[in-house]
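There are two complexes below, and they share subunit A, which is joined by subunit B in the first and by subunit C in the second.
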Partner chain A sequence: MIRINGVSHQIAGMPILSDVTLTLPKGGITALIGPNGAGKSTLLSLMARLTRIQSGSISFDDANVAETPTQELAKRLSILRQDNVLTARLTVQDLVGFGRYPHHKGRPGPNDVKLVNDALEAMALTPLRTRFLDELSGGQRQRALVAMVLAQDTDYVLLDEPLNNLDMRHARQMMIRLQTAARTQGKSFVVVIHDINFAAAYADRIVALKDGRVLATGTPAEIVTPAMLKDIFDLDIVVQQIAGHPFALHQIAPPSTQ
Partner chain B sequence: MKSLSLHMLLALAAIVAMAMLSLTIGAADMSISAVWRGQGDDTLILMASRVPRTLAIILTGISMAISGLIFQMLTRNKFVEPATAGTTESAGLGLLVAVFFLPSAPLIVKMTVAAVFAIAGTVLFLRILDRLPVHEPLLVPLVGLMLGGVIGAVGTFFAYQADLLQYLGIWTTGEFSGVLRGRYEILWITGILAALGYVFADRFSIMGMGKDVSVTLGLNYRGVMWVGLLIVSIISAVVVVTVGTIPFLGLIVPNIVSRMMGDNLRAAVPWAASLGAGLLLLCDILGRVVRAPYEIPIGTIFGVIGSAVFLYLLLGRQSHAIR
Partner chain C sequence: MRSDSIAPRFGLRLGLLGGAALIAVALFFVLGVPAGAWAFALKFRVGKVVALILVAFAISASTQLFHVTTRNQILTPAIMGFDALYLMIQTGLVYSIGGMATLSIDPVAKFSAEVVAMMVFSTGLFLWLFTAKSRDLHLLVLVGIIFGALFRSLSNFAARMIDPNDFVVVQGEMFARFNAVNLDLLWISILLCAGTVPILWGMRHQFDVLSLGRETAINLGLRYKRVMLISFATIGLLVSVSTALVGPITFFGLLVTHLAYRFLPGARFGVTLIATTLVAIVTLVGGQAIFEHVLGFKGTLSVVIDMLGGLVFLTLLLKGAAK
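The block that comes next holds the complex of A and B.
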């Protein structure tokens, strides 16, 4: 279970997050949605100890982020940030292999090799495994970074816009892969997603942030409604039910306002 | 993997061959067969001059290449090495200070003072680095060269005032002709530090992926940064004190290896070590042969070759070298 308790954060005097309190049960996919500048990435950074918590507390099960040694946290939680500038020239399999470092500390065993191979296979990277990162397309590199996080094999996985740069096929494959891991292995994913329909189709719960506050928490059916989306994004959006999922037709203005 | 280890064996064989050659070349007449026959003079030349010199070259080549490799991982910049970061100049300034204030102190004490200065200079460089924009990688060596220039100028002024200018010339130009038994043994410290660099290879590779990835993977970021900083600074200090500055070695060898093997240091460190030792042996042999019986300092030879390769790296394949 993830407990976020009264977390506020300021950058250069500007409030980014204000008194965020959230409890997320273990297992399943939680989608973080909200307009630009809502504080989604900052919240993820604070959860993953990449940014020091200014006030409030965050804990994963019994591990308080501020007090647990970083080596211990590395076995429980992993994060993929949005802006990954990797200057190091690594092969795909080396990069994904480093995801196992918290567990083997430099001496990979058979289990590490297996998990790396599984992660490569899951992200359809096996044919590219000996390629260098600077020889890959943006989408392939993004998949390699996600594979590294998957290889780390932590109970909690935080992903900031993992669908960046991915084509439709790979975006769908990635969400299915996350869903499978959540259901069969009991993993917990917290994912910042910009495409609300991916959140509606794959997330077990959605948390909507706006102006640094939690605006709403609920199932896709509860959040993806015209009234709620209007609140969150200040936009009139038509929602239709397709194949049992609510679908937001956000690309087009509703007929009445045209 | 099999072909890789074959390449490694070939590289090692080449180094052994050059080392043998290095033992037999020099101004003094000496032959290995005479040593076998037990002629005293030849044995003395071999053991007092040729063996120390060859070992010094190999140790310097290995440690400078590895310190460049580590430095580039710590700063995430392919144009950083001790000579483009103010580290070498700081070590030189420390050496001058030691020579002036503790003229009769043993070499190890002078080396320690030089190392302390090198560490301070490197910390200053890294502090400045924190304030530079990440997306301007070429600013980093520029700022490093300027910092080195300023520290070097302080050193020159100090040397001028203290009448030590001649001494300054010795550490600014790397040379192995002065290496004799009793004057190089301190270099073994660099061998130990280079080995430590290999032990920490995974951690340095992770640091090369940036602070966020390091924290995510549970690395003690500050701790590993300090280990790297100490390895780089102390190697620079020892090399400056014993043989002098060899520019570009720590720059071009890691860049060549990065292009060949990538930045996974577990694989790259042995290659950087072999290439560093091999190139330095080759340049030293050239320096001894071109104008025999006179010598061209290795710093000069390496400076000529190194600046050409450096320019090539600067201008060619920007996508990977500069990013």
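The block that comes next holds the complex of A and C.
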């Protein structure tokens, strides 16, 4: 269970997060949605100790982020940020292999090899495993980074826009893969997603942030409604039910306002 | 998989480099020895070879560490003028207590104090420069080169301020000199370099993780600040050793690290460090063997090395600009 208690954060005097309190049960996919600048990435950074918590507290099960040794946290939670500049000249399998570092500290065993192979397979990277990262497309590199985080094999996985640069096929495959891991292995994903329809189709719950505050928390059916989306994004959006999922037609303005 | 299956991949290449380094050292010993003077030449040349190997190691290791910690492969401690910082400490000492007093201090004690000062200075400066939020490489290169110019100018300025007689004391230190290696400090340098080996080798996996960048490194549970501090202090120590032994050589580190990076693409920190050191030994000892014993001091190795390294630097800058 993730407990976020009274977390506020300022950058250069500007409030980014104001008194965020959230409890996320273990297991399943939580989608973080909200307009640009709502504080989604900052919240993930604070949860993953990439940024020091200014006030409030965050804990994963019994591990308080501010007090637990960083090596221990690395076995419990992993994060993938959106802007990853990898200057090191690495092959795909080497990068994914680094995901096992918290467990083997530089001496991989058979189990580490297996988990790396599984992660490569899951992200459809096996044919590319010996390629260097600078020889890959943006989407392939993104999949390699997600594979590294999957190989880390933590209970909690925080992903900041994992669908960046992915084509339709790989975006869908990635969400299915996350859903499978959540259902069969009991893993918990907290995912920043910009495409609300991916959130609606795959997330177990949605947390909507706006101006550094939690605006709403609920199931996709509760959040993906015209009224809610209007509150969150200040936009009139038509929502239709397709195959049991609410579907937001956000690309076009509603007919009445055209 | 990682590291342990990668070593055999580069085994042959490391072997080739090792062979080349051995040949370079052998050449240095046998070239141009006059008949009947073997015993004398050997004794004289052993100290020099050891010093050159130490310099090769110190420059390779400090440059590679710097590349990993700052996540760029264009700047080096030498380009940023850290050797000039070391000289500035020396000139400052002569300026404040006078040349005779400086000469009367035990060289080993003086050197130890200088090394400590360098470790403190370099750690402080690096922390200030490289832990800031923005890591725009172009800005970094610019700042680095400006710092290099600043330290060199300050060092020159201090040299002009002191008495000409005192200046003689520091003058010898201010230029690269492979022909007249400072052998007084050989033993302490051997000890200091040996002291860094357990750090460099023992932490090689951590340096690999560090090279992925701050956020990924923290995600993988690296104690980021601690590793950065150790790395910067080690760089300060290694730069002191190489500058004390042979003086400043601006582009040598850049030249040998990039030769090793090209020769062993994708290799991990530990394997690359062995390769870089071997390349440095081939360049330094082999080059010196030719310049000293074949050309008879008619050319200057440091000029050739800096020219080649300077070309590498320009190429990297132009390639970076094209991207």
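The criterion applied here is as follows: the second predicted complex is superposed on the first by the 258 of 258 C-alpha atoms of A that agree within 3 Å, B and C clash if a C-alpha of one lies under 4 Å from a C-alpha of the other, contacts with A are read in each partner's own complex, and residues count from 1 in each chain.
Here, a contact is a pair of C-beta atoms (placed from the backbone, for glycine too) under 8 Å apart; a residue touches a chain by one contact, two chains touch by 3 or more.
Note that this is a predicted model, so its numbers are computed, not measured.
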Superposed partners subunit B and subunit C on subunit A - clash or fit: clash
Touching partner for A:Q179 - first (subunit B), second (subunit C), both, neither: neither
Contacts of A:Q140 with subunit B and subunit C, given as first, second, both or neither: neither
Which superposed partner A:T91 touches (first subunit B, second subunit C, both, neither): both
Which partner reaches more residues of subunit A (counting touched residues only), subunit B or subunit C: C
First, second, both or neither for A:T42, with subunit B first and subunit C second: neither
Touching both subunit B and subunit C, residues of subunit A: 48-50, 70-75, 78-79, 81, 84-91, 94-95, 98-99, 101-102, 106, 132, 152
Contacting residues of subunit A [partner subunit B, same complex]: 48-50, 70-75, 78-79, 81, 84-91, 94-95, 98-99, 101-102, 106, 132, 134, 152
In the complex with subunit A, residue positions of subunit B that touch it: 73, 76-78, 134, 137, 202-203, 205-206, 208-213, 215-220, 258-259, 262-264, 319-320, 323
In the complex with subunit C, residue positions of subunit A that touch it: 48-50, 70-75, 78-81, 84-91, 93-95, 97-102, 105-108, 112-113, 116, 132, 149, 152
Residues on subunit C engaged by subunit A in the complex (per definition of touch): 1-4, 6, 71-73, 204-206, 208-209, 211-216, 218-223, 261, 265-266
